[in-house]
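Heads up, the thing below is written out as structure tokens.
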Amino acid sequence: MSYEVKSLNEECGIFGVWGHPDAARVTYFGLHSLQHRGQEGAGIVSNDAGKLYGYRELGLLSEVFKDDRQLAQLKGNAAIGHVRYATAGNGSVDNIQPFLFKFYDCSVGLAHNGNLTNACSLRTELERDGAIFHSNSDTEILMHLIRRSKKETWLDQLKEALNQVKGGFAYILMREDCMIAALDANGFRPLAIGKMKNGAYVVASETCALEVSGAEFVRDVQPGEIIIINGDGVKIEHFTKDTQHAICSMEYVYFARPDSNIAGVNVHTARKNMGRNLAKEAPVAADMVIGVPNSSLSAASGYAEASGIPYELGLVKNQYVARTFIQPTQELREQGVRMKLSAVRGVVAGKKVIMVDDSIVRGTTSRRIVDLLKEAGAKEVHVRIASPPLKYPCFYGIDIQTRKELIAANHSVEEIRQVIGADSLSYLSEEGLINAIGLDFDAPYGGLCMAYFNGDYPTPLYDYQEKYQASLKEQTSFF
Amino acid sequence: MSYEVKSLNEECGIFGVWGHPDAARVTYFGLHSLQHRGQEGAGIVSNDAGKLYGYRELGLLSEVFKDDRQLAQLKGNAAIGHVRYATAGNGSVDNIQPFLFKFYDCSVGLAHNGNLTNACSLRTELERDGAIFHSNSDTEILMHLIRRSKKETWLDQLKEALNQVKGGFAYILMREDCMIAALDANGFRPLAIGKMKNGAYVVASETCALEVSGAEFVRDVQPGEIIIINGDGVKIEHFTKDTQHAICSMEYVYFARPDSNIAGVNVHTARKNMGRNLAKEAPVAADMVIGVPNSSLSAASGYAEASGIPYELGLVKNQYVARTFIQPTQELREQGVRMKLSAVRGVVAGKKVIMVDDSIVRGTTSRRIVDLLKEAGAKEVHVRIASPPLKYPCFYGIDIQTRKELIAANHSVEEIRQVIGADSLSYLSEEGLINAIGLDFDAPYGGLCMAYFNGDYPTPLYDYQEKYQASLKEQTSFF
Amino acid sequence: MSYEVKSLNEECGIFGVWGHPDAARVTYFGLHSLQHRGQEGAGIVSNDAGKLYGYRELGLLSEVFKDDRQLAQLKGNAAIGHVRYATAGNGSVDNIQPFLFKFYDCSVGLAHNGNLTNACSLRTELERDGAIFHSNSDTEILMHLIRRSKKETWLDQLKEALNQVKGGFAYILMREDCMIAALDANGFRPLAIGKMKNGAYVVASETCALEVSGAEFVRDVQPGEIIIINGDGVKIEHFTKDTQHAICSMEYVYFARPDSNIAGVNVHTARKNMGRNLAKEAPVAADMVIGVPNSSLSAASGYAEASGIPYELGLVKNQYVARTFIQPTQELREQGVRMKLSAVRGVVAGKKVIMVDDSIVRGTTSRRIVDLLKEAGAKEVHVRIASPPLKYPCFYGIDIQTRKELIAANHSVEEIRQVIGADSLSYLSEEGLINAIGLDFDAPYGGLCMAYFNGDYPTPLYDYQEKYQASLKEQTSFF
Amino acid sequence: MSYEVKSLNEECGIFGVWGHPDAARVTYFGLHSLQHRGQEGAGIVSNDAGKLYGYRELGLLSEVFKDDRQLAQLKGNAAIGHVRYATAGNGSVDNIQPFLFKFYDCSVGLAHNGNLTNACSLRTELERDGAIFHSNSDTEILMHLIRRSKKETWLDQLKEALNQVKGGFAYILMREDCMIAALDANGFRPLAIGKMKNGAYVVASETCALEVSGAEFVRDVQPGEIIIINGDGVKIEHFTKDTQHAICSMEYVYFARPDSNIAGVNVHTARKNMGRNLAKEAPVAADMVIGVPNSSLSAASGYAEASGIPYELGLVKNQYVARTFIQPTQELREQGVRMKLSAVRGVVAGKKVIMVDDSIVRGTTSRRIVDLLKEAGAKEVHVRIASPPLKYPCFYGIDIQTRKELIAANHSVEEIRQVIGADSLSYLSEEGLINAIGLDFDAPYGGLCMAYFNGDYPTPLYDYQEKYQASLKEQTSFF
């Protein structure tokens, strides 16, 4: 997952466990395997027999929980945790989750992955009615709606609130007496349930976090479901039955870890299939196939296998991330780029290379990699992208909200080829992607959200509608 | 380079530049690409028109140079740097290099990669004569020998000192008026010279650090050479002509970055050849070949290519390193292991797997990975090691100094197979390794040091001789 | 101010400036001179032409603003700041002020010194109506009341809110277009207005913060007033006319800095008068008068002057505070005490000593100091306390909320003498204290709150009433 | 001790204990009471049955030993410690003591207070002979001399070395089998021995550190003595009999804590006498006497007592030190000064004030304080200095090494008065000072070093002689 060199950011990863004596520690390990979903901050809320404890901080998980002291204070046999995506600059600890709300009558922890499409209007409405928000995050809204609901039981209050928020969301709540998971009506974001050997239940954004916890996969949370976990086991409720599957296809293409399964489909396998289909759709004569580490290695090996062209390690990624504020200044800028990724001169020199990548956002990184390969002596560089062109923003939880930053929204494939300096460029077709993933829900695209590729949003856009319409008329040059 | 999961440690990485206005920054980038050679600490000594400045600290390079302030103080157009290997516990900043010596008549910076075999006796002798050491490091010895030399010129003093130290060493020294590189008479450790576009000269442990600096490869430093770099260019001297090539074969097998070339041989290519030769020597019917990330991916793809068996991504490595002191306590220990490496259930379940690794030290990690694969449903796991059994300690710069910690020094291949729980186990032969690397110096093994595999040390062992002889009689059980 | 050795804690210090180009920096200096009023955390909210920026953190001011970076981000020509008192343990940054509220229609900064007596019931009521609080602090309540007010103008909303909160409060608010100060109807806590040479207005808990800012004293904020400061100057409004003066007498006795004036009375002078009155009320033949540094030095010199007995430096305070978690374990505990305060053997040995202190809370510190003096050879130690016995809790902003921790609430003066091991013990009378301060407002005790001494609370106790009544019946032994 | 506002720096404080199960902890407490002697860095070397452990770091003691972890590692029942003076800028941990030397045949810890006058020539000589130094500190020299001695026993080696170093020194050494203290032949720096109740022996720069350790004073170390402490008790040796007393008079005037005794004389008492003598020598009609906190409070009270003029608290010192790098920029610079010290307007306004200070170095601080008092309304400010004019540098351990920085070396008293803006200025006479301290050793000035006042150095100046002679001819203007 080459998050360091790409400007695509997942919104978050969430995790929860109920029934384990070392709940905070299990959550720490779970979050560690979800770290690729968010690097800005992390936190855990634990539940010790009804008393909730919380700790959250800016930074990587290993920075937030620097030693055992913080974890030791998060007592209890249940816990939820959160890793938040990295944004430039305005990071404040106020936005780091899980949120821990303490009321006169109860306490609640809340963690959220996704993006609400009516957050802005709900928030204004609530503030007009006297509500005070303490973060910029959409997440707080759910708690205000719950607390203002006039329903009698907390479950009915929760259902009412969940029906008011629109867009993509996977929530985990920690109440004093139970842990709750809920998924939006379209199932945009993944959320899976597992069971540990000691009977503890685990909920996580990706199945890789079940594996690391030693939990066995039980089932995916389904769109519209509320999962209630406590000492009595798992109970399933629904806040709506008006649901469908529109699973984020970019989870398969780029975000999720290759060892995770989403809706029963292994991510590595899906990527390998994308590579295979790409080889069939866009063959080219060359000496070798190389993948851009790490997210494109699966697709590259699939392309190699299907094409019969050898798979080579032509690019090496430095595992140590340098502080970005050590600026390479002027002529050294070029070296800065080379700190992250190096071309293997001994492998690519004098060769025709097929470079497989998962996607292109702005094209800047692709251009740099093509440059690296050519400087290392590659005779030809043929770029093959294992997904269709990214042309439309996402409003359900991925950090692309304008068409301005998407090269494919502003340029033809041939123009992009020129921008990145490749000898040829091809993308996987929409059908090729859908086929590679191979879902077959009774829903458009077999149950995938393909909106970034074709603008076919599965829901109304609410607060974003107007801005989106305007953006369709604008054009930006990337040359 | 799976240093997190293996107990093999390189001793260090060194870098130097002469003639660049941003010398400390160039050194920072160079060291960044050598970070895999040492993670305990880092430092830089710069030279500003004869005035030397130094900064060194425990931690990763990005921790040592946390912001621009430290680099900004390292003024000058020449600099040398060092990354030091990670050892458990007794880390003291006193041992972090480069050392900066300030005398009444001059200042000298000193960085060292390697291990001296007569360090202990030299040190005792020097102390008996009134010398005071300030670190545990071998490195200081050279400076004491230089300062005590009665020769007239500094070059003759240096030559005399270099002839007194035995074992493996690559030194870079910063004097007020020049930068000096020196390599031991057997050339155990790699050391390459490059030239930047602006005419600046660069010296580095690996060629990948030349690439990241935008420098072009000039030549490898040869055994017995002293390279003197200053405004007049590069001058070559020799402290001895009694030399041969005995290049550390483990650099090719495990330590060096795949994009580096050593003695003209690309490391990735050498590893791929090891995999190919291994496929020929130890074939087995299976559904897929997988490599242990990251150091064994080249060998695995070579094995796959030569055998015709598909190469798959069956193991995923977490890019985020968790603090090790967050202890997984009791039953959670298993999860701890899974934080670093995960088996991809969707890929390996129900399959016969060939797992290619570069080497086995204690066997502990191998056993865990075999376990991971079996738990993920692998039907059979056939382990193939892309180098011969590690049976003997290294005294020239790799951190294995007793036979006790080497499983192959104490057990047969069949016994090791049992310990790690594999369905079959084979190692590459010595000939297979030598052939894969393909050096042809006029020296034993084509110019490789093969001592860890066969006990054939290219030099006397001096201070280690006695302990080594004793160790040959001991036996330890790894069951 | 011997806050390190006493368990009396002020609730906070607040500061604000409007009209200075370096507003955050002026606030930093102002808060620095108020640091004795709170050491748990600090923060600043600045106003840059209507845009509000905030930074707050746990720790001393010098730890919170570690370097210029944080201050540099607090742009604008107006700012408010807060230092928060030190409590044991549960420190969370969520409670550190100023709070910065961002609404869809405006932003508001809020800093508070004091304690509300109806906070608990107001909060429960607000939560029942859907409000969500994000801190344990009373301070948030005001903002909820403002936002829920149905009044038309923000000023009327503020007035309505200020009439709902009861107890002791001094608020500074930063709005986009003005800065506001408000004081409770009894004027429990000090709050002064000053003017800088460039015309900027300053508001601060103590006049020493005006001095450090180079501002000239203008007037004290009066009970029931709302002070509105903006480009047009200062405007005075009232939220109530039902006011009186009941200024906290402990500000004069212990909390305030000696260079501050409160209601026109200099604190050092008041303390010196307390010492003088004490000498008259409780004379004793002795060789010297010594004060407990630093808060009792003024009173001691007054006692010495009035009695004609020489004033000596018999106790020395270490200016360096040791980390308290370096525990002196077992027999070393005694040394721990000596780290803060030392008796000067050369001065007190063989002498009859009058030890003047400002007050006694639990008696633990007094006993230790008497011990120190006796171990250093003092023949007799006569303790004189420059205020009446502390018998009742404070609900208006000082951190004594139960009678259990007050030795004088549970024991006679003779019993206290025995507990602390003094040869004699006397307290200043209530009249002696009132006379020493010398206010003459048309109000009980000349305008002082004397409740801690006599239980005569100037207001109803609201939420505390019940607990207080119960506490009157309990008795604890300090022997 | 107003080290924050004065540019006079002591060189260090040292402490040692032998025979206490919590030796490192006892040392921590001892160093804490010596913190005023050095704030740049601190360290401890402990001795656990012959095994030596060390820890040292830049910063205040409470920053160096941030938590119990570092202390816990310093095992053993003997320890020595050091606090080092604060210098601007070039602080390196390499200079922080105690030094811990590990040889093939033994280990030694070494702590030093003082300054050698032949350090430079000894160092050059040693380097010419091959020695390598690792710090800028004089301290290392002793160890080189010891190790190069050809004497047979370590004691004779030590004696030989001690006779080679010249100037002012108090050393504490930790050997595996004993602790050693040694004092130069003139006894410039104080060093006292104490005994704890459990029989443990303590050595410290000041007796206040004995008090804090609960140790009883035994005797001062005498010039030329070597004190050897081990399980057998205390043994006294001499490295020279050619000794005299020349105790640093500035220890009494400024450096030492008022609760310490030096050569049997209490520091507070000496200072009070200085004030008394000053009142007699330089009387003036005024309304009050005020002292500059904290070092001048004793002298001020002596002046008040002898003159019959009331002693008042006219200046208040802020106990919280602000980070100096929060620069008050331009017009705020004035506020910056006020952060440290405030004049009490209510006390001094309209009054004639006698301001007593211990000494004047550059005059900058004095001018600022006079300004503060005048701005606060003082009608007249008469400055009285409780020691003679500082005209000559110190080469024995105080950080004044040039006459350029001493206003009294360059200006008459009347000129100084004009520079600092006082209405009158007088200094104490040399006789007044000598009489106030009242030593009566058979030596010049009763056993005091008065060189800073009269240039009468008790020893040859060695390496400093030439520079000193030259400086006598230079003149600098402070106007």
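Order of writing sets the labels: A, B, C and D. Residues in every chain begin at 1.
Here, contacts are C-beta pairs under 8 Å (C-beta built on N, C-alpha and C of every residue); 3 or more make two chains touch, one makes a residue touch a chain.
These figures come from a predicted structure and were not determined experimentally.
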Greatest centre-to-centre gap (Cα means) from chain B is with chain C
Cα centroid separation, chain A vs chain C, in Å, comes to 50
Between chain C and chain D, the Cα-mean centres are separated in Å by 36
Taking each chain's mean CA coordinate, chain A and chain D are separated, in whole Å, by 61
Chain A touches at least 2 other chains through residues none
Per the touch criterion, the pairs are A-B, A-C, B-D, C-D
Per the touch rule, the chain B residues reaching chain A in their complex are 1, 22, 25-26, 28-29, 32-33, 35-36, 60-62, 65-68, 71, 198, 208, 211-214, 257-259, 261, 265-269, 272, 294, 297-298, 301, 305, 310-313, 316, 318-323, 325-329, 331-332, 334-336, 338-339, 342-347, 376
Listed in rising order, the residues of chain C that touch chain A in the complex are 93, 101-105, 123-124, 127-128, 130-134, 136, 140, 143-144, 147-148
